[in-house]
Every structure is written in C-alpha cells, then in structure tokens.
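Pasting the structures here.
Here subunit A shows up in two complexes: once beside subunit B, once beside subunit C.
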Partner chain A sequence: MISATPKRIPMTSGKKVIWTTGIILAVLIVTVPVYLLVKYSISDIKSINTGGKPIPWWPFEPTMQAFLYLFRDHHFYQVLLNSVIVAFSTVVLSLILGVPAAYILGRYKIPGRKLLLLGIISVRLFPDIASVIPVVEFFIHIGAHQTYWGVILAHTLLALPYVIFIGIGAFESIPADLEQQAWVMGAGTGQTFFRILLPLATPGLAAAAIYTFLLSWDEFIFAYFLMLGNQEIFTLTLYLNGIKYAEPQNLLAAISVCLSVPVIIFSLMVQRYMIAGISTGSVK
Partner chain B sequence: MHSSSVKSFFEFIRKAWPLLPATLYLTGFQIIVFVYLLGLSLSDPAAGVEFPSIQPFLNLFADSRFQSALLNTLLFTVVGTPLELLAGLLLAFMLYQSFTMRGVVRSIFLIPLAIPALVTAMLLYILFDFPGGHINHLLAGNYWSLPAIISEPINWRGSQFFSMGISLMGKIWRDMPISMLILLTGLNSIDPELFDAAKTMGASLFKRIFAIVIPLIIPSISAVVLLRSVEMWKEFIFPFVLAGRYNLLGTLIDFFYNELGNSNRAAAVAIVMVICIVVTTLVLLKVMELLQRVLLRRG
Partner chain C sequence: MADVILRSLSKKFGNSTIIDNLDLSVRDGEFVTLLGPSGCGKTTLLRMIAGLESIDSGELLIGGKRYNAIPAQKRRIAMVFQSYALFPHMTVRRNILFGLQLNGVSQLKMQQKLKWVTGFLHLKGLEDRLPREISGGQRQRVALARALVLDPDVLLLDEPLSNLDAALRETAIEELKRIHRHVGKTIIYVTHNQVEAMSMSERIALINNGRTVQYDSPTALYDSPSNIFTAEFIGSPQINFFDGVIQAEEDGLGVMTDIGLLKLDKERNSRLKDLAGKKVKAGIRPQSVYFSKHSDSRRHTDTVIELTVELVENLGDKYLVIGRNITGAVVRFLIVRDEEVIPERKMKVFVDGRKVHLFDPTTSLNIFN
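Moving on, here comes the complex of A and B:
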C-alpha cells in the first residue's frame, strides 16, 4: 500500500535544497529523542547531576550501571514476570475467544455479518479512559479488582477486536477449494479446521498474537486503574510510572529502554509475518 | 411461522456457535460499560441524589475543576488536530518524491509508532526537567555557541501553558506516522498525469498543491482529522505524566476516581467526554463534506 511507486514532482534546485533540509530536519526530529533515551540509559550519575555544568550530549563515562542495577533487583524481576504473565495470558484468552469467531466470519456468509463487524469495531471506538470506570467498578463487584485476572480480562477486551479482524484476514486468504477437497475426501468440519485451515492461518494468527502481546505489554490506562493499590502485581508500565518522581533519570531511561525493546523488535516481526501471510496466500 | 423462525435460529446456532464466546464477551462488557456509566453518572449517593437524576451533571458543570479541564481539552483538540494533520502532510509530501534513500527514510519516519506512549512521555519528562534538564540548558545557551534565549531556567511542568504544550508535542510526535500513512495512501492514489497536465498549463507548485492535491486527498484528510480529534479528546497518558497540575478531561477522570474516590463524578466526566467526541465527529463530518464541495467546485 505505502510501497506503491512514488511519483516524481520535478523540482528546481532551490526547491530541492529546501526539500532536502526538510527531510534531514524530519529525520532528526524522529531520531534524536530515541538517541537521547538511549544516552540517558547509559549515563553515569555525573552526566546527570552535573552541578550546573551543561548536561553532555554523550555521557562523560558511559556505563551499564542502570541496567546492571535493574537486573540485580529482585523486585524488577517480579515486575517483568508480572508483565509477561498478564501479556501472555491475554494472548491465550484472546486467541481462544477470537480465532473461532474469525474462522466463522472469514469462511462463512452468515446473516448480519456486517452489523456484527461494525459492533466489534465500535468497541474500540469507545474511549478507554471512559470505559475504565465501569469496568473497574464491575471488577470490584466480582472481586477481580487488583488481581492478575482483572487486568487480563480487560486487556482481552481491548485486544479481541484486533484478533478477530486480523484472523478474518488470515482465514479469508485460504482458497475455498482446499476446504472442499478435504470434505470430499471425508474430513469432518473439525478435522478440516484443525488440520488444514488452522495451520494455513498460522502466520496471520501469529501476527495477531504478537500484536496482542504488545498491546498488553505497553497498555497503561486499564493496568493503572485496576492495579493501583496492589504493588505486588505491578506491570512494567506501572512500575515506571510509579518511580518517576523518586529515581535518577538514568534508571527511568533504562526501564524505558527495557519497555521499548520488545515493542521495537516484535513490531518488525509482525511486519514480516504479515508479508509472509500475504505471500503464502498468493502462492498456494 | 413462529416454529420455523425458532428452527432457523437453532440452525444458525448449530453452524455459527464458534462466534458466540467472542460476541458474548464483547457484548457483555459493552452492556456493563453502559449500565454502570449511566447508573453512576445519574446518581450521587454522597450528595443524597438518587437514580435517575440530572442533578449530578448540574453539579459537575458548576465545578471549576471540570470547567478548566473541559476548556483545556477543547484547546488541546483545536490546536492539536490541525498540527497533527500538518505534521502528517509534511512527512507524506516528503515521501511522495522518489529518491534513493526513500525506503530507509520511510522506516525512520515510522519509529515513533514503535515507542510506547508512556516511554515518549517519560523521555519528555526527563528532557524538560527543572531546573536542570537538557532543554533548559539548551535554551540558556550552554551548548556550543548557541545564543541564550532564557536567562532563568523554566519550570515547564509548573506552567499551564508549557505543560500542555509539551504534552501536545509528545502526542504529535508519537502519532504523526499514523497520519502520514493515511495521507500517503491518499497521495499514492492520485494520477500523476494530473500534475503534468497542470504543470504544462503553467500552474505554480502552490496552485498545484491547493487546487489539485488537497481536494483529491480530502477523504484521507477527513479520516486523519476525525481520528486525531477523537484521540485528542480522550488523551490521557501525556498530560498524566507531563501536566500533573493541569487536568484534561482524561486526567480529571483519574483525579475524581483515584484521588477523591468519587466514581459518580468520574463517570459523569466520562459521559461528557463521549458526548464531546460524538458532537465533534458529527460537526467535522459536515465541515469536511462542505470543504470538499467548495474545493472541487473551485478546482
């Protein structure tokens, strides 16, 4: 979609200079903040508390201190573990609920399909910060407040529409012939689903799973409202927010880097999986 | 008649039962959200107001904290939406050219999407620190031979103007790739021959952009403006981290709920936010429709 051949608007040399300057400026605006984040995470404390001297653009004595401190801290491991528990459970629950729905919506023409899709999207249009109060109040009612389960259920609510939509795409791309041939050869609906459709839809569903993991990993609003008051189950985002007034900046930056690295890596992976999903669909 | 519809219902269930768990899950939560929001916002046990009553809303409108948060959010939306559009347009126009490093530059422009919003906010929190902090040092002329713009360090988060501005800056930085992608799709669908024709007829670059490009990508522009304005109304994380003392509607919900423990008032703010979003969307749809008609007629 975005890789379509760009068109050339002919430019005079004066305009070319303006345009090149613009590109360089834009690249700097995007990259400098990321550089600064990394810079802070490897800063020694003298490069932060400079005693009035200007803060250096490159640390005086670059150090991995902040990261080493984090990875020696038992509490930080607990926080990482919490994030993984919540994100992983959200993935499992979202797939269990979402994949069967995506299978039906992607392979069958059922009455009211459009309306159903509209309803599924509309869940995401409602502001999180507005729906969080009812959800928390309800969870207080059923005792899921300040528990892993509450956060997992809430994150599943956020992720499910995406899983269904990516899943529909994955199932739709499988040729109908394949399914019919399986039926002709005597395979039942269940057998066809598990042995033929599910394996073929796996690249797309993997993308959905990764997307869900990331959504839960860096989600803040529901995690914050649902976990506030129970530090034991704090996820990475909450931990980072909780220490922003107290801890030195290199530690804040180091935690920020830990939070971002999986997102950056997995975002790249999702792209690749999606391309793989599209190309296998066209080859077979 | 009746029995046949029952039969077809069962037929439907027999075939489409795998749909049920997800549908029930989503519908269930939607019902919970609506029931609780209405129930909470239309009553106020602490003030002795029973359900259903409009009184909680009247009390909310009279609350100066709400008034300032509503005004702040309105300003945030009115200033932020055009800026997001502008940032997206600039990036998209840059990528519309063909040049050797285009693929690399496009990937670089997508970087902010891969940085969690909380991390972006936290970085701005560090950079705009007071009294030290990179930005204060930079503006004080402490680097290279840059001129001193300020003589005293600025307390960014202590000022309403600056804390809102920095929140907006972070929001725009984080989200501009989304606007860029939508606009780029629009740009790529324009027939390049239109440019050549306009150029042969002697139209200036300015004229070509405003008479051809903008009217033709109005659908993409509408999409960006609609999506971004909704995002602005419901913004939470940037002001939460960067503008602690000055509330938007989003952070006001947090303040009422988590600081004051007043779920009724928090729910009322949430309802107001949803109404603002719906009204803004309807108004913008009309405006965009009008704009397209005017631009196309003139072109």
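Moving on, here comes the complex of A and C:
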C-alpha cells in the first residue's frame, strides 16, 4: 500500500546543523532580493541618494509616493490590463493546444514520436534573441505585429513546448488500468478523457499553467520586437523598459512589485489543483 | 446472463504466440477459473474476452452472439482489475455509480443500486471517502461493487485477491462465493493461486503456454490429473515423481521404481499387463504417503519404503518430511505432528498404490486416459 506521508528518517545532529544552515542560506538567497525590492519601492529620495553614506536597511521615511504616482498614470492601468489579457490568453491557448498533444504523445504509440518531440522542443533550443528575428519577420508578413494576438501567439509558441512536455509527464503517469477500466464500464474515448484522464492530469497541467503565466508575464524580447513603434504602452515589462532611466529609482521598484503581485495571486489560485499524490489509492 | 464460448482463439504479440488455438466453454452462471503460472496467457485471454485485446483468429461467443469485433464499451461485461483501478479522484459513491451514469440510469435507480450494493458488500458509511482513505480490503470490495451494479452478463476478475493479505484473502474468497451464489452471474476468474481456484470454482481451466492443459472440476484436477503439468501444478506440497518401468512378472505386477514396486488398484493394475516394459513417470502426492506404527493396517496395494529423514518442515498442523531411501530417491510426504520425526533417523512409510498416477514420459499424458 502506498502511504500518504513519506517516512521521515531521523538525522544525526551533525547532519542537522549542515542542513539547517543550508536551508537558511537558500531562504536568504530567495528572500533578500524580494526584501530589497520592496524596501526600494517604499523608500524616500533621501534613503536612496544618501550622498555617499551607506544605504539604510529600512527607509528613513517610508512613503507610498512611487505607488501613488503609478496609480495616477492612466497608462499604467492600460498596461496592467494588457499584461493580464496577454498572459491569461497565452495560458488558455497553450492549454487548448498543448493538452490534446500531450495526451496523444503521452498515451499512444504513434510513428515518429521522438522526431515530433524533438521538433516541439526545437524552438527552445536557441536563445530567444536568436529566434525572435525570424519569428517577428514572419509575424509581420502575416500582419500579426503590433496586435494582441501577435504577442499572445508568440508567447504561446514559447510556452507550448513546456506545456506539452509537462503534460506528457502528467498523462504518462496515469495507470493504463484506469483508462481501460473506464472503457470496460462503457465510457467512450471522450468521456474517458474528460472524466478520468483530464482530472488526474490536472496537478501537472496546473504547474504548466503557472509556468506559462509566468513566462508570458515576464516575457520581454518577443513583445518588444513585435510591438516596435508603440511598445512603451503595451505590457508591463515594456512599460518598465520605457522608464528604466527615470528618476527616482523607487518608481522602478514599485513597478516591479506590481509586476510580481498578480503572479502570486495567479499561483495561489492555481495551486489548489496541485494536489500531491492524486492517484494514491487507485491501483493496488 | 450468458454463456461464453471460445473457439480456437489465437493471439500473437510480435512473434510470440500468447494464446494458441484455445477452446473453452463457460456455461451460463458458472464460476470458471483460468489457472496457470505467470506468463501462461490467462490474463491476455481475459482481456480478449473483455475487449481490451484484439482477437487474431478464432471466435468469441457470448450468449450465442459473436463478439470478436465489438468494442469493450459495448460488451455487457464488467471487469475487476488486479490493481482494482479505482478512480482516485472520485469518492466511493461516484466510483460505484460511474458506469450507471454513463448508461443514463435514473437517479432513483442509482440510489437503489448503491444502497443494495453497499449493504451487500459492507461498504455502508464509506460512500463519501476517497479510495486513498480506505483499506485494501475495502478497495477490493468497492471494485467488486462497481462491477456488480452494472448488472453485467459476464463478470471478469483478474487476480482480484492477489494484493490482500492471507486473512483478508480468506474472507474475500467467502465473499466471492456468496456473491456468486447470490447473483448467479457467469464469472471468469483469473489467478495463479491454486488455493483460490480450488476453493471457489465450479470448473478450472488449467492453462500453460497459451493452451488449456486440463479443464475440469477442482476435484477431478486433483484426483485424476490428465498430464504431468496438472499433477505438478495442482496440489501442495508438490507431487513426487519417480521414473519407473512397468513390470508384469509372476511375482509382481506393478511399476518398478527407485522406491520399490508400486502396486496400483485392481482395476488399473489389470490394465498394466498389456503395457509391460513401458517406461513411465510415477506421480505420488505427499498426501498419498503415510506413516503407521502398525504394519497390519497396511493394504495389499501399499508399498513399504524405508527412508532416512533429511529435513522436517513444520506446516502448522502437519510436518512435511523430506526423506531419502537407499537408492538416493527423495520422497516428500506429510505426517501428523503427534509423531516424532527426527532427522537422520530411519523410518518406514507406506505409499498408497491406489493414488499413484502414471504418466508417459514422452507425451506427458496420463497413461490410463
């Protein structure tokens, strides 16, 4: 029988010290930049331009000035909305296209499977900066530049290999017995897919969705080249790029904070589908 | 309800033949077990009946209708997988009702069936649990419940007890017998465990290398194995085999082996005369060798063997004794635990000649069949 909680192995005290130190270090590496970012976003000018004195660990006079400035800029709302639209659409489109592909590649023996997988991953074999030129040129040909769907399509192109690969893993891990049991009970291919396979693949697909959202949300190069001309007001990363030389720097930090909040919200929303050990108890 | 008839069924995976021209007929309402060692093709055969494996050649008839090309979804068959294959994201209730929902059964009818089956299989109170929240035995019963509510023509069971511990398995065997008596369905059961097969089935099809070796009642399989494979596979501890030659001399009619001259029962012994000089393999079950302090209790068909005890295994109520006679022939036999058996000691035991099975070493068939 598979037990739900893994067995904990007791550690010797020497090992404990090493591990605890390692864990603290890892947590610091992740949290210190976040702390610095938040600190900058609420810093007053004097806490940034200290005139040679060390920058304080906490601003002298914390202020919401940078945020207030942002929230008064009507461009900012448009840009935020654009980013949300692009990211959500990318997630939806990537799943619609990627999940069926992952299902077939994960559960059926089809000729040329390996070649297909190689083809799917090939777009990610090159650095974005190398693949962006031909892609943008092609998009200009089909009139997809400077449009929402151009950027959405480009982001889908980037996310799809990941969605398919994560999805293949999710579908492959479902025991074949479950699918066949559904058939024997009278379920057709569609019913089996929607009522058995898809719910069981959901944790994996949720991970793929979070990843896709992040990828689109943070993506800069493709959006930049596709929106050449009016890129400053398109997505948050482009907006950030547009004011990168602006003073004071606390504004940049405030935008960055705004950039990360929706990601956290989206991740929390999707995380409840990421149930560990969903197929426990099905077989055996 | 329906009978199941397999006519020269064949199945190949690549170059290897899994099912080889197999014939089998299961009567309506019968409990038949497909028994055999792992890899003998029994599970493949079951999956062919379920529609999960294609049929290369031959015919599958269920209730008189040809089912070769009918997809699994359209067969009125329920199957319990060895793994139980419970849907892990569904509660016990939804697992049980899944098939009925697909068939568009009314809510009222579904509730009735749920009530019946949960009562019948002691699953009351577990309806809202997930499979991972119930025990192995309960999972096995949910899998059975899910199959039974579908009211199938044929119920296929693929080693459903192999994941249970010994005590649970015994309860489950009783449960399955009760189900069979109660619902009267045609049941085809696959197992490699002869105890399960012997205790539940009306008939056992012993399968080896994709062929039916013997198809008969459990008693017949045990008492009159038609070939060496059946004799070896059925019965525990395993049968003893001795090479021998049929001897028809005035001083004794029987089979001369390393453990002496085996005398059969009158009826079979008289048939030996025509076979004089023939080489045979004599099979003697450990249960057919007995020990007695009083030599007057021996029958005229009994053969005395003198053995040196080598090993003694405690089987709980009995000892399995492994002894060797002067020629080096090893004899395994059972003895009640009250007797004192000490390794290295000599002891005299009797072989019950009426229960000796003789096989042709080349064809491996029982020479009296």
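Criterion: the second predicted complex is superposed on the first by the 211 of 284 C-alpha atoms of A that agree within 3 Å, B and C clash if a C-alpha of one lies under 4 Å from a C-alpha of the other, contacts with A are read in each partner's own complex, and residues count from 1 in each chain.
To be clear about the criterion, a residue touches a chain if its C-beta (ideal position, glycine included) is under 8 Å from a C-beta of that chain, and two chains touch if they have at least 3 such contacts.
Everything numeric here is computed off the predicted structure, so don't read it as measured data.
In the superposed model, A:T63 makes contact with neither subunit B nor subunit C.
Legend: residue contacts after superposition of the two complexes on their common chain; A:P199 is shown touching subunit C, with no touch to subunit B. Using the contact criterion defined above for the overlaid structures, shared-chain residue A:G186 touches subunit C, although it does not reach subunit B. In the superposition on chain A, contact of A:T147 is made with neither subunit B nor subunit C. Of the two partner chains placed by superposition, only subunit C is touched by A:L178; subunit B is not.
Residue contacts after overlaying the shared chain place A:F138 against subunit B, while subunit C stays out of touching range. Counting the residues of subunit A touched by each of subunit B and subunit C gives the higher count for B. Once the two complexes are overlaid on the shared chain, A:Q78 sits clear of subunit B and of subunit C alike. Judged by the document's definition of touching, subunit A residues 1-2, 4 lie at the interface with subunit B and also at the interface with subunit C.
Residue ranges of subunit C in contact with subunit A, taken from their complex: 50-52, 71-75, 77-79, 81, 83-89, 98-99, 102-103, 130-134, 136, 139, 146, 150, 163.
Looking at the complex, you find that subunit B touches subunit A at residues 12, 15-16, 18-19, 21-23, 25-27, 29-30, 32-37, 40, 90-91, 94-98, 102-103, 105-106, 108-109, 111-120, 122-123, 125-127, 129, 132-134, 137, 142-143, 173, 181, 184-185, 188, 190, 192, 195, 199, 205, 230, 233-234, 236-237, 241, 250, 253-254, 257-258, 263, 266-267, 270-271, 273-274, 277.
The part of subunit A that touches subunit B in the complex is made up of residues 1-11, 15, 19, 22-23, 26-27, 29-31, 33-34, 36-37, 40, 49-50, 54-55, 57, 96-98, 100-101, 103-105, 108, 110-111, 116, 119-120, 123, 125-138, 156-157, 160-161, 164, 218, 220-221, 224-225, 228, 237, 240-241, 244, 249, 252-253, 256, 259-260, 263-264, 267. Residues of subunit A that touch subunit C in their complex: 1-2, 4, 175, 177-178, 180-188, 191, 195-196, 199-200, 277-284.
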